[in-house]
Every structure is written in C-alpha cells, then in structure tokens.
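Starting off with a structure, shown below.
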C-alpha cells in the first residue's frame, strides 16, 4: 500500500452510461490483481485538497492494466472529469481474488450494482480458456454490456432473481463471485444464497464468494468501519477482502 | 435584485494574471452601472449546489457590459473555469457610483487590490472626455495594466504611498475613488486620507470616496455583516455602498 | 395545512407552513421580498432586538471556513422602540405572522419590552434568545419576565446547554422551544491573523443539532412544541428535523448562500413543491422554480 | 524538542513532537506504518479498548455528510487481554510512546485494567474516554479508579460536557485533559432511510472545539496540560490549538482522508517541515514530501 499521485491521461466513453479513465500511475500500482482496488481523491495543482466534500475517497476497482504505468477504471459518464486532473491514490487495497487451480466455468453475479468491480479478472480468465457467465440482477440489468468481451455469456435475471438454465449454470460453475450494491449488501447476499441453496444440494466451501465494495474510510484495518463477522471471527473488507466465502459469513445483521 | 441563472459563454486571457469571463446573463443584469456588483456561485447541471465550499458567493464587479445579455468580469487566471459552467447570480447589488455633473479629471486609487472593481466606469468616462489617472499602491503595483484603455494615465506609487506630481494630481482631480483590499480596509482608507489631508488644505464632501469590496453574506441588508459607521449613522455596503464619502466615514477600528 | 407551534393555552401561534427563517438571517422587515415569496413561509423571525441600541461589533465579523462560516455581528440594532417605528408598517403588510426576536438581556428589559409590544397586533409572538453562559436560575428569571408579555413565547436555547436549560425554561412559561441557537466557535481570520469568536454556520451543524432535538423530544413533555434550527440546507434536512420530533423548522444561513432555498424548503414542507413534469427538459424546469413559473412554462410548452 | 503533556509529579509523559493520532483513527498497532513515518509523531493513541470483548455495531457504521462523516463502529475490540497479547511486540518496536485508550466503562474495570497494565513497560500512558452521558460523580469515581493505575493518565472529555466535567476529572487525578471527543450527532443514512446516531467528523468541528479549548484553558489551572483534538485538517489548524493554549494536538479522521496529513502536521509542529527550495519546480516538490524524499530530489537535481 502506498500513497501516490496520478493523473487522468485519457478519457474514453465506453457505453451510454459509463466512461473509462486511463490513469497514469506510480508503477507500484501496475502489479495490481483482480480484486484489489485503490482509494482515489481529486487533488489540485498544489497537491492540496481544495474542499472536503466528498470527505472520503472513492473506491475504484481497476478494470484493466494497460502497461507498467497505466491503469483503467470505469466510472459513470454522468460525472465530469478532465484529462490532466491530478489524483491522490491509496493502494493497492485488499487481497486478490483466489481462483481454483483448474477453473473451467466461472459464474459472476452482479446484483443491484454495475459489474465493474468484477471486470478486471476477465482477460486472464479468457486467456486461460475459462468460460464466463455473467448474471445481472435487479438494477444491474440496466448495465449496457456492449463493450465487454464477446466471449462472455450475459444473462439478465428475472424480477424473482431466477434465470433460464439456472440450475444448470449453478451446477456447472466451479466458482461463483457475487457482487452487490451498497444499499442492502448483507440482505442481497442472503437472497442469492437462498437461491443457490434451493438449487444445489450442497454448497461447498470456497465455491461462492461475496464481493464487498463498501466505502472504506481508512483502508488499512484501523477504523473498523468495514468489519464483518464470520465463522472464523471478525474480518475486514479492506485487509482480508473484498471477497469472502459466503458459506462462512454471518449475513443476518 | 434578482436571483438568476447564467453561464460562462467565453473565456479570454487578458494579462499574465487575469482572465475575463463573458457571462450570458438574464437581461435584468444588462442595465447594471459602474459600482454595482453581482454575487456569484457555480452550480451544476441540475441547478444544485454540489458542495458548500466556498460557502458564500463571490462578489464580482463587472468590468464591461457587451450587450443586453453579456456581462464581463475579470478574475484571476490561476482559477480554472470552463465555458458552459452554470452560475447562480444575485444582483444587481448596491448603488451606482455618483459622478459630478461636470467631471473633467478623475483620480482612481487602488491600494493592495487589483483595480478591477473600478474598471467598469472607464468607457463612459473616456467617451465623455474626462481624463483619468489611476494610481496603483502597495500590492496593486503588481497589476499588469496592458489591457486597459491607452487614454488612462497609470501611476505606480512609491513604498511610502507618494507619487510624482502628487499634489498636482490631487488638486486637479474633481473626484477621487479609492479602492482597498480586504485585509486592512479601514486602515488603508485612513492611510490615503492622511496622505490627501497632508497635500490639500480642505477635503470637501463628495470629493473622495472609499469603495468597499467586502464579502457580502446576504447582500440585501439583512445580516449586518457589512455595516459601517458614519456621521450619518450606520451604513450598509450592500445597500448604501459600495462607495462612501471618506470624509464622513468612521475609519478608526 | 395549519401547524400550531406553541403549547395549547394562553394565546397560541398558528402557521400555515412549518418553515421560517432563523433570527438574524433575514433582517427586521422584508429585506428578502424580491427574492423569496413570503406567502410561502410560515412566519418571519426578526433579527435580534434589544431595548437599548446595540452597535455593530468592531473588528472581524465574518470568517470563511471549510464548508461554513463564522459570523460575529454583535447583533446591531437601533433599540426596540426604533425597530418598531421603522418596521411596523412593513409588518402589517406581510402576509404571515411576525415573531420578534428579543435578545435575553435582563428581566427589567423584558418588562420594558412588554410595555412596548403588548398592544401591538402586528407582532404575533416573541422569540427570546438566551445567552450562551446563562445558568438555570438566570434563565428561569428571564423567561418568567418574558412570559408576562401577552404574546406566545418561543425560547431559543443555546447549543451546548439546551438539555440543561430546557426544564427551567419550560417551568418559567415558555410556549415552545427553538433548538438551538448556532453553536459558538473560534476561528483564525486570515487577514489579521487573529483568533476570533462567533457563531458557526454550515451543513455540518445539522447532524449535531438534530441529535439534540431528538434527545430533547424524548426529554420534555409531548405537548411542548420543538422548533428545529441548525444547519438546514435542503428540504431533506428540514424533513429530518420533523422526523426527529420538531413541529417546525428555522432555516439559517442557507438563505444567504442560496436565497431561493428558504422558499424551496417552505414549499416542500408546505406541500407546494413545483413538481417536474415527467417529460420536462432540463432547461424547462429547475428545483428553485415556483408554482407560477412552472405554470407559465407549462402553458408556453403546451401552446408551442 | 521535548513536550511534557502531563502534570508534573507522578510519572510524566514526554513527547518529542506535540502531535499524535486520536483514539480510534489508526488502529491498535502500527496499521499506518507504510503510509506514515511513526518517528515523526509524538505518540500513538490506540483504538479504544474495553476489558470484555466488544462486537462491532450492527447496521450503518458510516454516513457521508457534506464536508464530513458520521461514524458509529461500536468500538469493536477483542478485550484488553487479547489486545495486549496481539500488539505488545509491535508496541515494543514502535519508536514512540504508546498510549492505551481505555473506554471508561466502570471503576472495577479500571482496577482490572491496572492489574494487566501496571508492569507493562510498552504502555507509556493511559487515555481514558468518558461516555457522553456521564455525570460529575460518576466521572470522579471512574477517573479516581483509573488514576490508581501506575501510568500517566490523560482523560478525554465529551464534547458537550467538557466544561462541566473538567473540575471533577482533575480533582480525581487526571494528569492531562484531552479536549474533546468527537461530538455525537444524528444523520439520515441514504440507503436505509433511517436516522442513525454516531460521532461527527469534519473540518467544521474545529472552530467548535477550538473555542472549548480556549475557554477551558482560562478555566483550569495553568499547570494542567490540555491536548487539543477536533477537526484538525492542516498544520494551521493544529497551530491554532497551540495558540489557544493546548500543549499538543490529536489529529482525527483527516488521517483517513489524506494519510500523509498526519505526518505533515507532525513535521510542521515538530520543526521537520520539508521546505520548498526557492527554485524548485512544481513537480519537484509537494507539501507531503518528507525530508528523505526532499533530500533525494535535491541531490538528483544538483547531480543532473
């Protein structure tokens, strides 16, 4: 984890609602892996914070690393950015996603959130011939997937969260990553777990992971705002996450 | 006084340190006269304030009215603006400067402040063949006057605030307007008055005016932050100002 | 909509909208009449008035802060007698009740004030402001004296001592509590380099005062109306106070920063919000738009 | 530079820089070691610790506010015994004194804490945090119990009651006052739509607490050190506290928003600021630059 300065090198609109920012960053960030994130805030020419609103940094999961000093993030097109804008970045934050050794079929679920935080894993998975299914649930259905790699199978879930061939998709998947929005995190994870348990007799450990994208005040395990409870005791999203085995997480609350 | 929306139509750099913003405004502002100002704040596309820092609006004295819906303001080049930026403007604020009927010679003094708030009167004065001398004192000497009309005589005062031919300039002037910076307003006015009284036997009423450019919280005479004391009782910069006869103002404190 | 903002009994104060400006923010009369539609407000609270003339504070009166301001005016006013002389006609013309804010100087002053105000119909009520360092005994004496005035009596509690003072203030006869005055603070003035003291305004004041209102709501009897005041900068801020138990709210310096905000909050809580038509384009609608402008634009559009 | 932050007598606590992080902001150990140079700080204050294990608060723990945040963590910690087990080695390695923040639960708890801490050299002092609703008698009993521990004792006063509690806290044996804990407030959480209670952080807290520090400085005896804490977001903020009479300061959530700010404030007040060379270009210097980086860049430039 380092506190480094960066700037926006290029801005590309990738869909109706999203744009990608290419950030020229310190090379310490170029080895980031899928699952890791940075905390970003805009700073001014004199390297100072000009106003304290928003007070905390934004959590950005890169979607791509272009080369040793360019990382790419995807942000809403509605937010206006300028090339040259200086940023202060704190990162890398968190642990990379852990994939099974022989991963053939992976299921990604985005529920009430754009799937952005899951995109970084795609190039490596596809290069290794894994087959990827992405299920969009709730408001995630509004996400325009036109700019994602063609090899990915995109599925839009119904209002009751089910989708066609659901039992098959779930049975077939070696690993599942579930991403939820900030509004009803634990409840949404519980929804998905209910769905999965109804369709699968056993839900083994290291099969289904919940990915958290809470706003992280400190990102170094100091403030305890991001604390979660699991069968193995307290866990911190910023240090131990962002992905946790959903079979061991306490989802009541 | 109205609360209207405007946007930045064009931005021109006029000197090393200053740029001029051409604002497309409600036509109620096109009849503003020298001495009147607007209170401005940036707003966003949805007409909302995005952050409350700075909390209060900035006080802008236009330097020029281009036509029925364009007014021009001069602001530091160091501040970055974008064409199209939406603004909320409150104005016009204050009373126009009162010039003598037969004004031949006018003396403008800017002390520790750019002379921006005095510029709007220039075109009309020059059109009426008045001769204008502008004395820059203290930090005002750093102001680059290259873009001001050539007919104006620019004088840079010495460290002790005196200038060449000072007695003559003062005697000759039918009217004097003194503009000071926000840091030592009353003390700076007192400095200038001392200077003038040393050089002139009598300082008549309606001869020398102090121009205030305090930050105005309300601009409608409600908050009393801008209250001044004079021989005629309390005065408000926002309602009765910005110019006050320096012979009647209480400059102690 | 009718909101009763004082305790039942004695004279009571009824408003048609539970939104008013805070004392010290909109002047003595109708200074904002060109910018705010007074009919949409519940009442006007005047700037603080004293019996004797008070002069403006010397030195720094305003310090910009990150996300707020410090203000120290010294509450200048020409004394109650002249304030009445200068404003009674305007008050008579205003379409809403006028509440006179009296700075809580001394019990004899309250008696004098009563003599000047009692027969005066244009004044619908009194808001008494308590000094920050007042103790419970002093507060009781002062409020008792003010309660002898034949007008509904709101008492504005100091920020830090609101919980401590409330019981004495209610025992002494306050008809409603205004919670609270802006907190005092100290900040450095850039130009002089000195530390100056004054009241602090800004959005971050809201969560602090909202908690005080919530606690007081549980502390004082149900029939005591509480008026929430502190850091309101949006209709949602105002609604939070109502949810925390306030019957009405006062908007403070947001009015300076964005004058239409006062009216917008009043329209929202009064049910007069100009709703955006489903198909309206961005420049055909803005949240500061009043009913009249909305109707005009609507007509223009259906015409064209 | 040596700053004594406790009253003379008993054991005393000496710091080399009058700047430390506030309890709850930097964890129990050295969580910020990759981002902040601990040598530049005066001391570490740990996150609050209780005798029993406390679990994290359920529900909303963070509400973004305009110019600040509301935080409610419930002070989760595994209990004093495990905190010591897990951190004593790290504490031993830290180049600065470690002050343990004890949540002020009960007098018997303080006695238990004393038994665990007394022989423990890696703990240089205790900071006792008082609950917001504590009264003077309870505060006296609690502080007396904590004062029996053989360590310098700082007591952190609640925001709203700082002035009322200070005399009892000093009579009971506090060696220094930390003024103050972050104020409590209430805000609406966007996603659940509920009002939540917690502590408020942001730059606008500073002018409020600065005034409290100034008043307490005049109220308590001169030899009682006051440590200023609240809303510090820049070296100038910290210097304002020193001018108002504090001997040292605690930086709170500014560290989360901009981690280097904690070190920058410490360098500034400790006299270690990396001054910009007159001819340095903008990208050869930034205010967060430490001495080492400044020296390296200087060397690189004179070399090239």
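As written, the chains take the letters A, B, C and D, and residue 1 is the first residue of each chain.
Methods note: a contact is a pair of C-beta atoms (placed from the backbone, for glycine too) under 8 Å apart; a residue touches a chain by one contact, two chains touch by 3 or more.
Because the structure is predicted, anything quoted here is derived from the model rather than measured.
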Set of chains adjacent to subunit C and to subunit D: A, B
Chain of greatest Cα-centre distance to subunit D: B
Pair sharing more residue contacts (C-beta pairs) when B-C is set against B-D: B-C
Gap in Å, rounded to a whole number, between the CA centres of subunit D and subunit A: 34
Interchain centroid distance [CA atoms averaged], subunit A/subunit C, Å: 46
Sequence positions of subunit D contacting 2 or more other chains: 65-68, 202-203, 233
Sites on subunit B at which at least two other chains make contact: 51-53
Chain contact topology (line, ring, star, complete or other): complete
Sites on subunit B touched by subunit A in the complex: 50-53
Subunit D-facing residues of subunit A, complex: 1-3, 5, 41, 45-49, 51-57, 88, 90, 182-184, 214-215, 217-218, 220-225, 227, 229, 234, 253
Of all residues in subunit D, those that touch subunit C in their complex: 65-68, 70, 160, 163, 183-188, 195, 197, 200, 202-208, 210-211, 214, 233, 236, 240, 243-244
In the complex, subunit C residues that touch subunit B: 24-27, 31-32, 34-35, 47, 55-56, 58-59, 61-62, 64-69, 71, 73, 76, 191-192, 201-203, 233, 253, 255-260, 282, 286-288
Touch list for subunit D against partner subunit B, complex: 66-67
